[in-house]
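Order of writing sets the labels: A, B, C and D. Residues in every chain begin at 1.
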Amino acid sequence: MCGIFGIYGHPQSALMTYYGLYALQHRGQESTGIVTCEKDEITGKARFNFYKGIGLVADVFKDEKIINEYLKGTSAIGHNRYSTTGASNKANIQPFVVHYKGGNLAIAHNGNLTNTRSLRNKLQSEGTIFQSSTDTEIILHLIARSQKEDQIEQIKDALTQIEGAYSLVILTDNKLIAIRDPYGFRPLSLGIMPDGSYVVASETCAFDLIGAKYIRDVLPGEILVIDDDAIKTGDLKSYWIDKKVERCAFCIFEFIYFSRPDSKIFGENVDKVRRKLGKLLAHEHPAPQSTDEDKVIVINVPDSSNTATLGFVTESNKLGNNVKIEIGLIRSHYVGRTFIQPQQNMRELKVKVKFNTVKGVLENRRVVIVDDSIVRGTTSKALVKLIKEAGAREVHFRVASPPIKYPCYYGMDFPSQEELIASRLNGDIEAIRKELGVETLGYLSVEKLLESAPKHLNFCTACFTGNYPTPIEEKPEKYEHELNIKEATERFD
Amino acid sequence: MCGIFGIYGHPQSALMTYYGLYALQHRGQESTGIVTCEKDEITGKARFNFYKGIGLVADVFKDEKIINEYLKGTSAIGHNRYSTTGASNKANIQPFVVHYKGGNLAIAHNGNLTNTRSLRNKLQSEGTIFQSSTDTEIILHLIARSQKEDQIEQIKDALTQIEGAYSLVILTDNKLIAIRDPYGFRPLSLGIMPDGSYVVASETCAFDLIGAKYIRDVLPGEILVIDDDAIKTGDLKSYWIDKKVERCAFCIFEFIYFSRPDSKIFGENVDKVRRKLGKLLAHEHPAPQSTDEDKVIVINVPDSSNTATLGFVTESNKLGNNVKIEIGLIRSHYVGRTFIQPQQNMRELKVKVKFNTVKGVLENRRVVIVDDSIVRGTTSKALVKLIKEAGAREVHFRVASPPIKYPCYYGMDFPSQEELIASRLNGDIEAIRKELGVETLGYLSVEKLLESAPKHLNFCTACFTGNYPTPIEEKPEKYEHELNIKEATERFD
Amino acid sequence: MCGIFGIYGHPQSALMTYYGLYALQHRGQESTGIVTCEKDEITGKARFNFYKGIGLVADVFKDEKIINEYLKGTSAIGHNRYSTTGASNKANIQPFVVHYKGGNLAIAHNGNLTNTRSLRNKLQSEGTIFQSSTDTEIILHLIARSQKEDQIEQIKDALTQIEGAYSLVILTDNKLIAIRDPYGFRPLSLGIMPDGSYVVASETCAFDLIGAKYIRDVLPGEILVIDDDAIKTGDLKSYWIDKKVERCAFCIFEFIYFSRPDSKIFGENVDKVRRKLGKLLAHEHPAPQSTDEDKVIVINVPDSSNTATLGFVTESNKLGNNVKIEIGLIRSHYVGRTFIQPQQNMRELKVKVKFNTVKGVLENRRVVIVDDSIVRGTTSKALVKLIKEAGAREVHFRVASPPIKYPCYYGMDFPSQEELIASRLNGDIEAIRKELGVETLGYLSVEKLLESAPKHLNFCTACFTGNYPTPIEEKPEKYEHELNIKEATERFD
Amino acid sequence: MCGIFGIYGHPQSALMTYYGLYALQHRGQESTGIVTCEKDEITGKARFNFYKGIGLVADVFKDEKIINEYLKGTSAIGHNRYSTTGASNKANIQPFVVHYKGGNLAIAHNGNLTNTRSLRNKLQSEGTIFQSSTDTEIILHLIARSQKEDQIEQIKDALTQIEGAYSLVILTDNKLIAIRDPYGFRPLSLGIMPDGSYVVASETCAFDLIGAKYIRDVLPGEILVIDDDAIKTGDLKSYWIDKKVERCAFCIFEFIYFSRPDSKIFGENVDKVRRKLGKLLAHEHPAPQSTDEDKVIVINVPDSSNTATLGFVTESNKLGNNVKIEIGLIRSHYVGRTFIQPQQNMRELKVKVKFNTVKGVLENRRVVIVDDSIVRGTTSKALVKLIKEAGAREVHFRVASPPIKYPCYYGMDFPSQEELIASRLNGDIEAIRKELGVETLGYLSVEKLLESAPKHLNFCTACFTGNYPTPIEEKPEKYEHELNIKEATERFD
């Protein structure tokens, strides 16, 4: 997963991008970068300035001079990269900035292509060199190799060849281009600043921070072009990817977990969907019955299941089961990537570093814990252990989404299928319940999941159902394994 | 405010201190340090190793070698320093490590002395040099200048001369000493590790992380000595500060805001007190009446007022006013000290960087916002503005503590009295209400505040009432102003 | 200018490369990098590890873990990049590491191509993307685009298309390849380690440090291939660039200034040539006549003209003019890239930071200063001023090479032609003398210059004569101007 | 050894101190610091700003903001600390800045006290705390504890109690005070800037860089006070340390090795003394006889013996032995503190990293190597080995000073007596010769050494003769051993 941002026509484009990326930090914490396009005052010639680094936005850009003095220009794009396991090569930090026959080009990508291997093989056999292990680099080569004269045509040419999920922002010498794949897997929104400059961002929370007004989503299959003309006339040009798609496939996991609850994506407020998930969960898998002497308490996993938990409690009470919402887990605000790992005999510290229990709340109680989803199951298991150690008599686990059984090929960074607990245990709920060590376990059904989301839209539920909206090339492995190039970065920066 | 930690008799004393300080990070984010006492295997002679730095625990100690290879030894103390406005001299980072006639000595201090100036003048006139602007250095000089032979007697000698608030951990060549002033302003707890080594910490949440068991609080006026003998026999020696005090004066603000909700301090769970604060607040200043068509919503200020908000809502409903708890503010997890400050015309960004509103929740609603306290009022005001911009029809502000009108001389880092909104507006609630721009405003009364806390204890409420439990020397200024020594640290580290 | 190094078949290939680059530090101080090829113990599959950074070798690789733990493998190449004025983009740091149809490939380049623009235009029009502004990247693309099956053939294919100066080391999954262009502009030597592994380096001083024995130079036009077979049999395979060249054109400036005096290049000891330069200079432009009462003193510019000065003095005395060698200038050992620049009114400090005069030596004397060459003339002028201020009665400037009047297109980083003092003043020696402010000025003639160097070899003297051995494409500009991509590196690393 | 610098009355006092310390870098490379005194424009109150760090001057102060924006003020002092083996605690970095009854005080010290232990014991028994392991801190405590009212009297009071070597610069709220101990062990000079502000520095090379004019040395026993009055009237006040001393004892090793050859110390040019050392050495221990076919060559150890070698060669030729000066050793300019240490089997690399031989010069020759001194003998031995490996037929070692047999208690950082080769081998020249592996070995005699230096002065020759000019307290050990406090700095900065 990643966060992308673009702005065109603003005197402080780098600073706005910095704030935008900061608001999108949750979409990627591994590395970040900003590219600006600066026009020479006399010649009008465009120069691209960029700065990229490993770490959080506020750390990578902590010297104000980078933003204020160095990254000059009136248009910019930026990218936050998610912390995937292996390939933290610096060469993989986006946006990518290159020069080709059409001039300078920078690109930032959120998503994942599904025909990377065949495209890569084809390009290599034609003499292309690869400097990163990302699928994003492939898009650049396809654009550069297009025989078309016009830049937009070159881009269209490239996009017809790629399959999979991609929301893109592209910066050229005189344009900002925002693109969403025909399925619309990943969100991408368009907004406008008070001064009339345009912004695009993965989520609308980036608009809120910089004071931009949300206009609309970039549409599935749309190639939205913002240039000086557009600023002047207010008339943005749209082109369309030349590819027919039966129906869209918005990523429903964006609603479940990934997007910020204060964002609006796919035309709907995220927090609203999450509250509904909690409500329907209370219907499908109610909390055990409270009595006056023995009230069941419901706790959240801060902060990812906060909203779903609210929905669950409200609905439970409406359904006549008078449960009590409580704060039973405290989340540390200071978890960073550099924490010294504990020794063998302190394994559970990994979870305790992030969460601590509130004993007075849990002691001797029947506890319902609501979480947004279960991936590996290791954290859930450790949490249950902590809660029981804090004295809970019973623990009932409620999950506001279905069991995750299939890998995501569209950019959600799930572990390998064998590591998914629901896949490993063949979707056997009773087996999962035992492994987690809880009294009862309930997952939301796929039907109810879809009921929570806007009904006029079509969603990708492949991770739950295995129904992939696009053909998937031979089982993809990570490219760095093929590439076998590794830069010393993690320990030495 | 600060966090302190100590451990005696553990093979990985530095690592445990690192975890302990990590759990106490909320008590001080400016700087941190660890001192260990390492015994030479052959001579048995003690060596003190230390490392200190500006920043968070996980950042300062990010190279594992510091903890694992360098800070060897079986006893250790550590300190987290709060980010006060001016004096971020490196010379002020604790623990202080010195050598005097009694051997090596390290000290870490949470609290604030109230007769610093006269002690400092006296010591200076006798030829003492000061290298820091902290009151903690005074304690060291007093110990060193004591004519007593025995180290404990030297410490007692020093403590009889100082006034004010102090919880201390002291490391010597063969002891760990934990001390709490006779009023017991600041918390300090004693725990035991599974292997029999002893730990002390400002709050019990540090024990939870490292798997220590809480034994009891260090008592007001107690000088608790842990040494090899104590480890062997399990018999800790207690000495007492030679100073009569009518009654204790525990800092009630620790319950209101400062301590973590999952800690137990002053013998009581913090979260329990906070829930009670919320409940009593609902009695004193109820939410406006809900109707079926127009339900009033109650929102928290994450994460400081989470528990109080729960209490407020529960009690409101019990009182028959069917309000709805909602998540109307989202808090960013990535706020750091290095954020680039926005320009003039984006002032409100300072608050937006930390909080964003959830429009779908707030739009067209009557909103009650519950906060734990109001200090300057600037953040509250900005939050109200955000909430109204998100479409709230009305905003009702409820504060789970009384108006803060007086400075704290016991270690709580409030701004100057003129900056306290309740002081500036002479405690005129209506004036504050207008300044905040809310429909109604209600503060908890001092009486109800005290009702929320354990009733058998006596608390310091000076910041609300002006009743200081100890005599206050002439109005204290910051020492660095007197010292006029400034180290280049903030911008250049 | 740059320094390159390669090693094949050594258990500590990264450490040896680190030492080798350290010995070649004088050839490039801006940035450095090392690539190793590590074979998987089980699969035998090759992985490329690399680390690159801005700064000196000892600074970039100051964490031993990078060398010892991270850069594993038994073959490696490394590169030192010279500090040129503009383009310190990180993207330009060598070696370049890429993946193409033939596997992994890393390349390090010393020299400069002369048909870069046309090649670049051609490649771009065919759809190639450029990520750096270096000519080295062009070589990579040409290799990748070759239709040949065999890797050596692909390389030969690429080399026939490029013009200009290039000494290259290339690392592939199972080979180390050392290449010198058909003119042999830049040096490149082959050596062998005590354990039988092979090394190649720009200069033999790298061999001395790691205990390697010099075998021979890589020959002009040679493609020398070192692989496991070569190690086993001792039989290195040579291929030849398919390009006819009338005669070689070794860079004579390597002897004059660039190479270390303890190196052997082009088959000759550098210090021997330099001594001869000094001797012949004494013939062509003798020192003024000494008398017994007024001995002329001869001073060097440490350390670049040390050896030439010795030669000058020896020969002067042999010719009967009894001059005295003295140390009149002291060079600071601590000059770094980060020195804070002085204000307007302290301009000369730039030279004083590097050199100080010894007043007792210079006072009231007639002084001959011998330098290896004059480029811009600014330092020479400032030195003369310092020497006169120290009390020298007369200053006579002797230069152990001819006036530099033409730009170098083969990798020597001279400034633009207008900045060359000899070009700016049209080679008018009297005008240069006046500008420097000296009593007499003598440059070595081109004839004598050639007499100093091995006579059986042919040298490039283009910077003195304008006779370029290869056709020069349209006047080259720096690529970054065309590219207009700039990375924030200089001030923010 | 250390370098100290002070300036009073200059608008850019920090920048001048930076340049001054840069010029004095050879006197200490471990750490450095600058303190400025800044007057508040309105109140006229003095504030001390300081910044200190581990590393070279140009590295510690690489951010210009520290110098230009942070370290404001019109007076300043600075210090370079030598790299001693153990105690690189940050607490030991000078200048020390403290506050005492007399206001702010900063001090920088070059030298070593000889009654530290008894003073320290006395002070500790009186209740003094020590925060560093330096003798300099003792001076501060003595000043602070003086009963005198006047600051100069307090300083005089302190100085009568200390024994040993000290050149000091002290900065107070309104004065710069320069002090030299009554023996005058270490140099200290006074100069004046073009704008009338005064400077003091360990060596005059610091004056040259900033354009100051040398006035005179601070005299042994002098307390020179520079204040606003002095600037106005040009009338500096001198006070005198109340201590009778029979005769001065200037450190002769400053001439032999430590000071820069372009400095004037003790009223004499350093390079002049060094040339004389070389000349007299040629008398006492001539080179072997040259013949026309077999000229003996004389090489220097760059750069420390450059001047002595010149003297040796000149005199040898004057004496009729026609030897030839050559450059046989090349010194790397890039030796830093972070070089990765080689493995067991590459021990000699430690010397090779610093020096490489010029084979063409040494091969088959009879070689005289002139060095300034021999301390441990390990480097000398390794150099001889390298020279022989380069093919030298014979190596004759000439040392421009006597055998070092005794420790220095006055600030020269020699290793322990057992490590001094001349002491270890009981001054047996033949034994040393064998250990070094040379054909002949000659040390300059003490008589000739004294003949080289200004004859009207009296020098300390204790390291050669054991005649210590002051009583030496019980054998001193390093304080950190007593202190047993160690800060993690070396590996983690």
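Throughout what follows, a residue touches a chain if its C-beta (ideal position, glycine included) is under 8 Å from a C-beta of that chain, and two chains touch if they have at least 3 such contacts.
Fair warning: this is a prediction, and the values are worked out from it, not measured in the lab.
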| item | value |
| --- | --- |
| Fewest touching-chain hops separating chain A from chain D | 2 |
| Co-neighbours of chain D and chain C - touch as defined | none |
| Most distant chain from chain D, judged by the mean position of its C-alpha atoms | A |
| Distance between chain centroids, defined by C-alpha means - chain A, chain C (Å) | 48 |
| CA centroid of chain B to CA centroid of chain C, Å | 60 |
| Distance from the mean Cα position of chain B to that of chain A, given in whole angstrom | 36 |
| Chain D residues counted as touching two or more neighbouring chains | none |
| Which pairs of chains touch, using the document's own definition | A-B, A-C, B-D, C-D |
| Chain D residues within the chain C interface of the complex | 12, 15, 18-19, 22-23, 25-26, 56-59, 61-62, 64, 67-68, 205, 208-211, 260-262, 264, 269, 271-272, 302-303, 306-307, 310, 314, 324-327, 330-334, 336, 338-340, 342-343, 346, 349, 352-353, 356-361 |
| Of all residues in chain A, those that touch chain C in their complex | 45-52, 63, 65-66, 70-71, 96-101, 104, 124-131, 140-141, 144-146, 482-488, 491-492 |
